[in-house]
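Some structures are shown below for you to check.
In what follows, chain A forms one complex with chain B and a second complex with chain C.
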Partner chain A sequence: MLSIRGQRVFTKAKQLTLRRYAQVALTGENEYTETPNYPQIQDMALQARKLRKRQAVYEKIKKIDTIEEKQIALNMPRYYGWPCIMLSDDRFPYSAMPLVQFYTRTHFKSIETLPTAYSETSELADSIVNEIKSQVEDCIVMENISIRRSDDDQLEESQKEDNVAKNIVRQINRIITNNAADKVPHILPSQVDYDPRHEAFWFMGGSNVPDNVVNWRKQYAPLKDRLYEPIDRPVQYKGTPFLTVRNHLPLKPFVPYSEATNPEFKVEKFSYFPESVGYTVEFRHGTNIPGFWPGDLDEFGLLSFHGRGHILNRKESYGLQDNLEALHCQAMVASFGWLLAQANYQGFTSYNDITYPLSTQTVITNGHFISLYAYQLNTITMNIDMIDKNMKHNICFGTAPMKLFETIENSQVKGLNQDVLKMLVQFYLNTPEAREHEMKPYLGKDIQVIADIEDDNRRCWLEDRYKHLVSNRPKHNLLPEVYLWEKIYKIKHKTRFFEAKRRPFELGVNPYKRRLDEHLPPYIPKALRPYPKARKKFETTYYPEV
Partner chain B sequence: MKLSRVLYAQHIGFMFKKHWLIQGKRVPIDTGLEQYLKDKGIQVEDALDFIKEPEVHERVDIIGPYERALPLDENHPNYKERPCYTLTNMNVLLEGISQAQVLTKTVIAEDKLPLRIEELAQLPAPKAVHEGVKKAILSANVFDCEQKKLPKIKDPERPAYNFTRILGITDRRRNQILTNKLMQLIEKSSDVDVTQSKYVLNDIECRTVFDKENELIQFKDVSNILVTSNKPLKHEIDDRDIPFIEIPDLYPIKHTVTLPKQHFYDEVSKYPISSNMLSKHPHTTWLHYNATEVKNLYEEPVTPIQVLGRSLTHTFTIASSFAKQLYGEDIKDLPEPVYVNCIQTDGQRYHFGVLELNTLNVSGTDGTKNVWFCKNDVKLYDSSRYLGGMPALENYNPAVYGYINAFYNC
Partner chain C sequence: MSTRWYPIYQRGNPQLRIFLPNFWMKLVHTPLRQQPNIVHFQCSMEMTKHDIKNYLEKIYKVPVVEVRTKISLGKFRKDIGKGYVVKDDDIKTAFVTLPKTTTFEFPNIFEKKKGDVEDDLKSLEETKKTFKQYIERNRDRSDIPSWFSI
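Let's turn to the complex of A and B:
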């Protein structure tokens, strides 16, 4: 609290000095036009004014030049981070599908064969499958039987399954890329990542207003009529695929972009609390990370492999159908999360929708069963202002889990499913292409990442601040909290009314409503200030202005 | 009214904290009781005599997610009387390469690699491949998104000063990314026939147990990348003009120094791939040197010589465990030498080595010896990091890729 006061005093003093030197603006010569040019009449209703205020923020974020500053800007309103609904790629509560579909705005389409876009690589895939068939069989035998890895008894079944799957995925990736590198040009320059860090953050409107928000509003008379005004719920996805392949060019969309508004793809609204399904809330800064920092040129994902060990952790009573849906959920949330983070690196955010579709391919496997998904991202704005207006939906094509092979007998693979292998090879053969439209309309012309900034101080400061923000490391000071004893003796029963009111809840202050820049910048000791006389006591900060 | 009094009254946590403070400062007062009792003829005993014995708790069997391991002591069923000197990939030999020479009975050909490797290393690689290597270096050092605690920064001038803990890419992750990406790049740019005959494994453990001068020694090592092939690796070596470094005398140090004794071990060596597989022959092994994980037994910093010693013991572990799988546990002199290539790296420096395993009889210094060809300390780049907020890669050395490629393709 002290630091806030210090900051406020400081800014006020600054305003005073500025006001003294303010001058009357010079009148221009072309003040008059032939026809009267009236400003647009604005709706002055409260909701309309609030909307304009929000839209002004969205517009400011759109105009920021660099990727990293946009990410800081998304986090500007909250010093302690957002209370995020945490989605992950390895835990799905019972019946999560409606929530996941709504929160990722994804229409799910069950398929048995790949979409038509893949048909052109069919022949090449056949020949590759014939060449690699025996190698794949060998690697399955090797990884399942012939290699004795040091086994850890303390691992749970799901972890063991994931470990086996991870090794098989690496081998299959190795076999296919080695074979296809000569045949298609995009394999050689593509980068393969093991266990990358995927995180995505967005705002979700359309859900019911939580009780604590309603209760808070009830305290204030002006909010009496606005108790159930919708709020944005921040959502954070965190996941770690086994392996991803990325390239400097994006994949082609599976369906034309105009199809995005097709009413067939409409997703049913899910307005219940995510907590009631089994998701939890965590305070953290929102992060968008597709496995690499801004500046890496291979910024479009082609393919990602995920494990399905978490299915073993689910209760038996959930049933087979729900397990299948959990896999679909995993594919949707993982694909959406990765693509959203990639879209953020193209300069779009949860407030500024993408102007072109992005697509990716996702494989979920345990080394024996494989399910394949093709995902197309058409929209990323789902905040309260857009949730009902936005007609676009994302599309996910997915198969049920298919057996890669039947059994292993006498160190021989029996019944290798060549169709599945072919589909997998076709995923690799899906060639990324350069797009004809502008890829980064909301980023600067010359300055797109902070490494491009010329001012040394600004660049270094932003770099440090960005990495510190996305690391989500714990704060040095503990977070503000209402202690249990206070709740009993001060809030529920007013037994200490005679004491001085010092705590935030007694002053009617929400300590969490503090902006990211509401802190004292680092102090410059006198000895380190530039010679001869410098009055500047605090270092400059370069927070984006939103 | 003082605020503290109110807090004492109702905030129980605060009260306990204060109580602890007050009680912590208590001074024993001589009440004169002891003297009084003595006068009465009652024996006074020191209270400390009663609290000396720590209470022994009976072991309670708890049903948990997995069975609890038995305590590792003499009553354990796997406890063995005879101690085994153990070297793992986490510790190093005190004398480094010289001690490794004694332990493995190896002579060294310094700065000499088999001719075929030297020839292959000179072949120029296409530009696209070098671009790929640069990408891999940047991706491992700069662009990866891991943010974990890095080692504490210490200033020897002010050892108690706490610097801000930096989050970043750990050395384990950096090495993993870099070596795997280099491997992928080499495989993608090699012929399909070559890659088909090879197999690449990650993080795989080998173990070899042997007797040396009536002492049992085991090497347990993890190969971070193990390339195996369908055919045994062969090198044609003309060793007439090579000035070998002979096995040194370590006196007054014994060759088992800094090898901790273990009483729990397996007496059989272990090569991870079963013998009926076609691609079981070890070809090239990659060993990571992670400075945060590899430690001296006595806490001194690890020296470059000790790092070089790791290459030799590591390669010996893989070669000998394979030879034992091939010819049996008791084989001494091998009918045919086993060759294994080794690349050790900390991401920046590369140490290349080729081991010719001729014998597993490592006692003494006479008779058949093993041979270690090596080329050490080649730098792939000078530095790669965020330099003033910008990704930087300084002085990339293209020659290293040639050697790595030659090791794979030979």
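Let's turn to the complex of A and C:
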């Protein structure tokens, strides 16, 4: 590991001199009990010791007080970031469904009408649809016919479709919220985000071990029996919905939480390499961002709108059925990603499972076709220790794409599908509700975000570090490169054994294993050090201890 | 299409009527890596994705949904006896996706039949016997090569 040359402090030596009168503390008469009270016998096998070590890290992350520090803690082991499998909401390879279902642990249920939870708002929705349908027709005509977009010829078909859809979604959102604001109480205090940044990060166990890992293990004799030991694969979701609506209260779950362990919802294991399906790996810090920063009060999502322009980019040979599955995949991954980020803001992480379900509603549309999805998040721990033990599954209810209208003739919308519009209105009418249980069991009592920290230095340092971390800007000093000639003549074939060994790979340093805090803190110039005698040369860092 | 240099036609020469492309594809066994509807091939460097797709669809009537290719670096190895490092040729790998309803199982080409093992043992015994005879014959002239015989 790279060593840090800090200032010389003889902490050990000081302890020795100061504790001159220390003695063993006697517990008194209670040292002996009637029946022998042995400490628990621990399994000292290597696997068991490793498991305990991992669990200690999970426990430490659970005990951290603030949201942001937990996020830094997730990234502590990697200075140059995790090699993340990148999932997005606008690129789905052929036959993506098995991977997406397993990686989000989601059972998909195809439905024709909305779940029973929506039935109570049926009448109100009917009256709203009657009031707004002419406005919706106007907005559809307006966006499709009356607007000339000057940059259209430079755009791809998918981008054009998304541009139209985005405007229609904004208009429809405006129309519905304006109308329903005085009919239901939760719409007025809700916040609307345009093009928010949705990112989610989690660890995924249960996949086959990649070749490079196996080859690396083959070099070392003690790892001979552990060549195929499972590893966690970090996964990062990045997406940008057209529009989201969020509230300070969470939506009600669609099915009871006890249903989460129902074996009916079991998802088939997908252990093949995600690279073989067509996903890429990128080195980056894991980020969990649900479209707002920690501390925002409206922290539960109600509804999000996504585009489906990416369907036009898919090859014709994929077929219609696979395009439909791609839409389902988009809904599952987008809903899971958003809810996971929200769960992270409640203090849960990929290591510490949620204690209550969260739900969201997702709409995928291109302005003409609309598909509606209701998603319930029951679990977020899928790492190597939990993937086989965790019996909970997430549930997604989804419809096939439905036409919002038939055609536009003579600047008039023909055949507006009121049923679809009604379902959409019902999504808006789904009332969030305060929960009776504790929402943030793993966050501090008084200090939940770093803005609550009183120590100025610590608060400012953590804020800077967190924002810099999640920005994922490239490092100032890039990763030490192994040049091809070095790989050929120094690593593969030791033809230059007589040369001095100075490069990291010759010193046994793996730059990828560098920890986040393995760097020299900022230097304090002598003129700025407190008078008279301060020997502290470097500023303090406040990395969470994990 | 082909990188072969065909002889320039001179009057009176026999005409070359067959032009063969140097397109070839080799099936590679990579278990546990991908779904059963994805097949790995190594193919000639000149082939593009469209070539690969047409090759499989037109010649072998295999339905192809998608082809992804990558060119991987050839291995570096020490030349035997010489000691210097040489590089093998780069390899173009094609990942061919079949429709998801189809599955591909790599054939076991060298399958042993029931009597095969016994036959192998028999021939091994035979070889051992002739070798022993040869040693016996040349017992008193051990430093003479085998081809120097009457």
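The rule we apply is simple: the second predicted complex is superposed on the first by the 507 of 546 C-alpha atoms of A that agree within 3 Å, B and C clash if a C-alpha of one lies under 4 Å from a C-alpha of the other, contacts with A are read in each partner's own complex, and residues count from 1 in each chain.
Here, a contact is a pair of C-beta atoms (placed from the backbone, for glycine too) under 8 Å apart; a residue touches a chain by one contact, two chains touch by 3 or more.
Because the structure is a prediction, the values reported are computed rather than measured.
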{"item": "Combined model on chain A: chain C and chain B, fit or clash", "value": "fit"}
{"item": "Chain C versus chain B, contacts on chain A by residue", "value": "B"}
{"item": "Touching partner for A:Ser317 - first (chain B), second (chain C), both, neither", "value": "second"}
{"item": "Touching partner for A:Tyr489 - first (chain B), second (chain C), both, neither", "value": "both"}
{"item": "Touched partner set for A:Ile450, first chain B, second chain C, both or neither", "value": "first"}
{"item": "First (chain B), second (chain C), both or neither touched by A:Lys467", "value": "first"}
{"item": "Which superposed partner A:Asn208 touches (first chain B, second chain C, both, neither)", "value": "second"}
{"item": "Which superposed partner A:Lys475 touches (first chain B, second chain C, both, neither)", "value": "neither"}
{"item": "First (chain B), second (chain C), both or neither touched by A:Arg52", "value": "neither"}
{"item": "First, second, both or neither for A:Lys537, with chain B first and chain C second", "value": "neither"}
{"item": "Minimum C-alpha spacing, chains overlaid - chain B and chain C, in Å", "value": "13"}
{"item": "Chain A residues contacted in one complex by chain B, in the other by chain C", "value": "489"}
{"item": "Chain B-facing residues of chain A, complex", "value": "131, 135, 138-139, 141-142, 145-150, 153-154, 156, 167, 170-171, 174, 177-179, 181-182, 187-189, 191-194, 196-197, 289, 291-293, 295-296, 298, 411, 450-451, 453, 456, 459-460, 462-464, 467, 470-471, 473, 485, 489, 496, 499"}
{"item": "Chain A - residues contacting chain C, complex", "value": "94-95, 98, 208, 271-273, 276-278, 315, 317-319, 322, 488-489, 492-493, 495"}
{"item": "Contact footprint of chain A on chain C as seen in their complex", "value": "32-35, 37-38, 64-66, 68, 76, 78, 85, 95, 97, 99-100"}
{"item": "Chain A-facing residues of chain B, complex", "value": "3, 6, 10-13, 65-67, 69, 128, 131-132, 135-136, 138-139, 142-147, 167, 176-177, 180-181, 184, 187-190, 192, 195-196, 199-202, 204-205, 270, 272-274, 276-279, 386, 388-391"}
